[in-house]
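A, B, C, D and E label the chains in the order they appear, each numbered from 1.
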């Protein structure tokens, strides 16, 4: 529009990102602010599906990052635009520190005596979890199906659940409160994190610069440090 | 006056109209007859009814205590009781977890001694609903009790009636509209409860996934079903409210066709 | 009686105790002084106050209309007005989007003609809060109005007072506790509003991220800050409620130390 | 203006059916056993109870006409009404109660207040002007109700047992207030159980039994020639 | 049992300070100008207003003793009280109002109901037993209030202007009901503005002015030798 900041990397940049990207995007936002005096980056996190729906409804967002291609397609299908994958990820079997439930493998998720938390199948982490369980031939007995991956993580951090499936990066972000166990089948079902400069963004130049930061060496380093895989 | 009232109606009703216009009426029967929807509906009705019952049992006496602010500490107590109104429900859910979770203040001991764990059960849903909806009942009933005529309560005392008897036979019947409004508020609030339930009780079909959780779940992925369930919830509440108010208020003073003459004598 | 009341207090207060015990009191000042927290606090207070003001302006007249159920269609109207109570707030947010979003029933035309878009602005926050909290005010005030003595209203009419004048000068002052309770309910409900806001207004710092949204955001990332903000919200509401009820109820009949003698004359 | 009433009203099992005329400046006393319909009659004239048949006219002004389906709301009748139970506004002071009518009709605050204070002095309540109405004694409250009815400069006065709770001296004083208000040319309808009120104040006495007029005439004449057992007893007591 | 009262009470600017004794089976009438403290006295005896000094005794039973900080709650005094404004339970029928005291004290429903019906018949309201109290006429409501006070088989009766809204015939009848209740050995305190009530019903008359007893004695003697202007006026009117 006629915002004088439209062509320069300054102003109030709004970034919406999937819950699993909370820590890394927050860090990179600070980095972008340090690099560009005059730029302020506002972030909001949530379930990919919810954020995507808000962008389609006209939320004044500049950049959107989701936890799956499917959710991104609902946006580009409505508004157009060219998403670019900035990182990849995969699930781990996670348990509270000390493993109070004595969980050893994916098959324990079928134990009705254990309290098991999973993502709802409608959100990206839940869809991937269903895929992983199917490949392993495990019929899980979950006690709750959560709204996003961080909600599953919170169940484990609070020790309300004995086991769950979350991203490897979430286990790292939990900083010792949760222990992760690699699951062979999870490596076969990686998930991608696409980023999009929202068509019609109020600050297109700054948005493009931010996405460039994400895909550039600094972004790579930050994602790697947080445990994400390369695109 | 009437203009302002009309503005109020517009704010509340127009969004509902938009919702109704967006409803896929043709597919509605199929969407609603889905076993998952019916299961959520059954669960919601059961838990909200239980929560309202519990709230009436403990809330009316509580309101009565609060209405006597000559008692010490009542003002602070009222404020405390009102807190769940302002607490984001999600935080309420966390507070319940901190109390009754496996590591919780009471839940830890409970789990250690009996092996019972409250979260992820229908009991947890009812507790979450009581936590968020009880204050509405309490405040509505308290407001009515305060408005009630103290003079009649005094007259009853001179006739040998104990405070509890006065409450049951004189004060409550006189404030029945307030109690009915409070119970309706409480029921509907329980029916719509989301944040505390999802946090404290989790979300699992049949045990903890009430209608609002089912709607939320469907919202981003199956919007048609979400809208259909919303419309169902809406129809349900309109029915309940019409029926409830009709029954409860029918025989009360000043609400019928009479002029309410000498209501104060 | 008192036992039941105590049970009620326990249900509401024990979770708060658990929350307070989990609060990192040492870090509290630093956590609360965070500019992001103060920004959310300012936004919450401003929007909730605005929402309460709007609700009083349109809600009191609406309650008055509803209290006259000799008028045609009033029962249906009441049910309609009560619907937002039972609608999961998230669904309320969707309904508001369907009405006022860029593709919405009214929002489309509004955007086309004036370029103005309501969602994701502070106005949207206030609208979402009004949508969920107005019914509380309306029902509380209506309950009080119904309890009010019709005989005094008739007497006022014989003195030449128009219906509006009777409402303002006789009925409302007499039901002031009900209105105060309703306004307090409304304010606190607006302050705690989450689902409709996050859906309709989004969660943007400074414009739409109110305290509950900030708490929600922090819950999965900085739980200490989430708890700190909850405690702040809690302290805030206790203060507001104590102050408000103290002020509004101070000079009213039957609430002070007097015997309330002849309150009915 | 002449007050001209024919009121037919159904109240529970009681059918009230009475016609009466009160000339300007005259007082009509209404007596009758409990439940005979006195309050119902007064409330029908005030417009608080709808007529099933009949009319209420004040001079040329038709306040209600059942046949024509006409019913003017009480607020627009400009009558001065004191209901049997007083129905004071408990949250307002005595002064605010008396000033209520003038204020509601648009009189400025200072003027309404001055008029109220003068009337309160007339009924002997000068020092209670600022007392909340719900803190008044029974007789004090009754006087405020009468003052409130008179204060609105009504076109007719309707008083339902306005002296029942007054002590003897005050009773005399308040009757004087009513008499002066009537002297300005206002017709008045006063319900009472005490023949002395009728004898002292009224030009005519109407006796109601079970919703019908059973006797009417000058109070002294009625007392001298009772037509029913009730009137005989009233005459004996008075 | 003897009712023995010394009541000192502060009410707004009025200081009430009265001592009185009513022997079993006797009626003490209390008269006085509006605002002199009659209702306050009665409410103090009933325990609705706290004493700042003095006591209330019924035989050996101490209901209140300000010096000892003793104040028995109204519900435990077993007195029959009719307040000046009736204070009926509007949502209950006349019968339920009268049966309320016995029921509250544990009398079985059928017995309480029979007693209530008998009393309603005594005060002439047999056919209104099932009418809601807020649909009664003024005089009907007043009779229910008296019947309600008597029904609880009280140890003493406290009636505040119980006849003011009654027609002459009914007044006579209700006085009889009170007299019969008293005859069972119950002391009664009756507030009235009408000397005829005192003459017909009371053994002694106490005149209150500005919170103090200004004259007492047999009603006829007081009327014959008025000590104040107020009493003179009462005697003249009566």
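We adopt the following convention: a contact is a pair of C-beta atoms (placed from the backbone, for glycine too) under 8 Å apart; a residue touches a chain by one contact, two chains touch by 3 or more.
As the structure is a computational prediction, the values presented were derived from the model and not from experiment.
Novice: Considering only chains that satisfy the touch condition with chain A, which of them also satisfy it with chain C?
Specialist: B
Novice: Please indicate which chain is farthest from chain D, where distance is taken between mean Cα coordinates of the chains.
Specialist: A
Novice: Approximately how many whole Å separate the CA-defined centres of chain B and chain E?
Specialist: 46
Novice: Roughly how far is chain C from chain E, going centre to centre by Cα mean, in whole Å?
Specialist: 48
Novice: Rounded to the nearest whole Å, what is the centre-to-centre distance of chain A and chain B, using the mean of the C-alpha atoms as each centre?
Specialist: So the centroids are 36 Å from each other.
Novice: Name the residues of chain C that each touch 2 or more other chains.
Specialist: Residues 149, 151-152, 154, 163, 219, 259-265 of chain C touch two or more partner chains.
Novice: For chain E, jot down the residues that touch at least 2 other chains.
Specialist: In chain E, residues 48, 85, 87, 135, 138 touch at least two other chains, as defined above.
Novice: I need the residues of chain A touching at least two other chains; which ones are they?
Specialist: Chain A, residues with two or more chain partners: 151.
Novice: Mind pulling up the chain A residues that touch chain C in the complex?
Specialist: Going by the criterion above, the answer is residues 14, 19, 22-23, 26, 42, 44-46, 54, 57-60, 150-151, 153-154, 157.
Novice: In their shared complex, at which residues does chain C touch chain A?
Specialist: Residues of chain C touching chain A: 97, 101-103, 117, 119-120, 198, 202-206, 209, 217, 219-221, 223.
Novice: Quick one: which bits of chain B touch chain E in the complex? Just the residue numbers, please.
Specialist: These residues of chain B touch chain E: 149, 151-152, 154-163, 165-166, 169-170, 173-174, 252-253, 258, 260-265.
Novice: Which part of chain C faces chain B closely enough to touch in the complex?
Specialist: Per the stated touch rule, the residues are 1-5, 7-9, 11-19, 21-22, 54, 57-62, 64-65, 69-70, 75-92, 94-96, 98-100, 104-106, 127, 130-131, 134-136, 138-140, 142-144, 146-152, 154, 163-164, 167, 175, 177-178, 181-182, 184-185, 188-189, 191-192, 194-195, 211-212, 215-216, 219, 226-227, 230, 233-234, 236-238, 241-242, 245-246, 249, 254-255, 257, 259-265.
Novice: Show which residues of chain E lie in contact with chain B when the two form their complex.
Specialist: So the residues of chain E touching chain B come out as 46-48, 73-81, 83, 85-92, 100-101, 103-105, 132-136, 138, 141, 148, 152.
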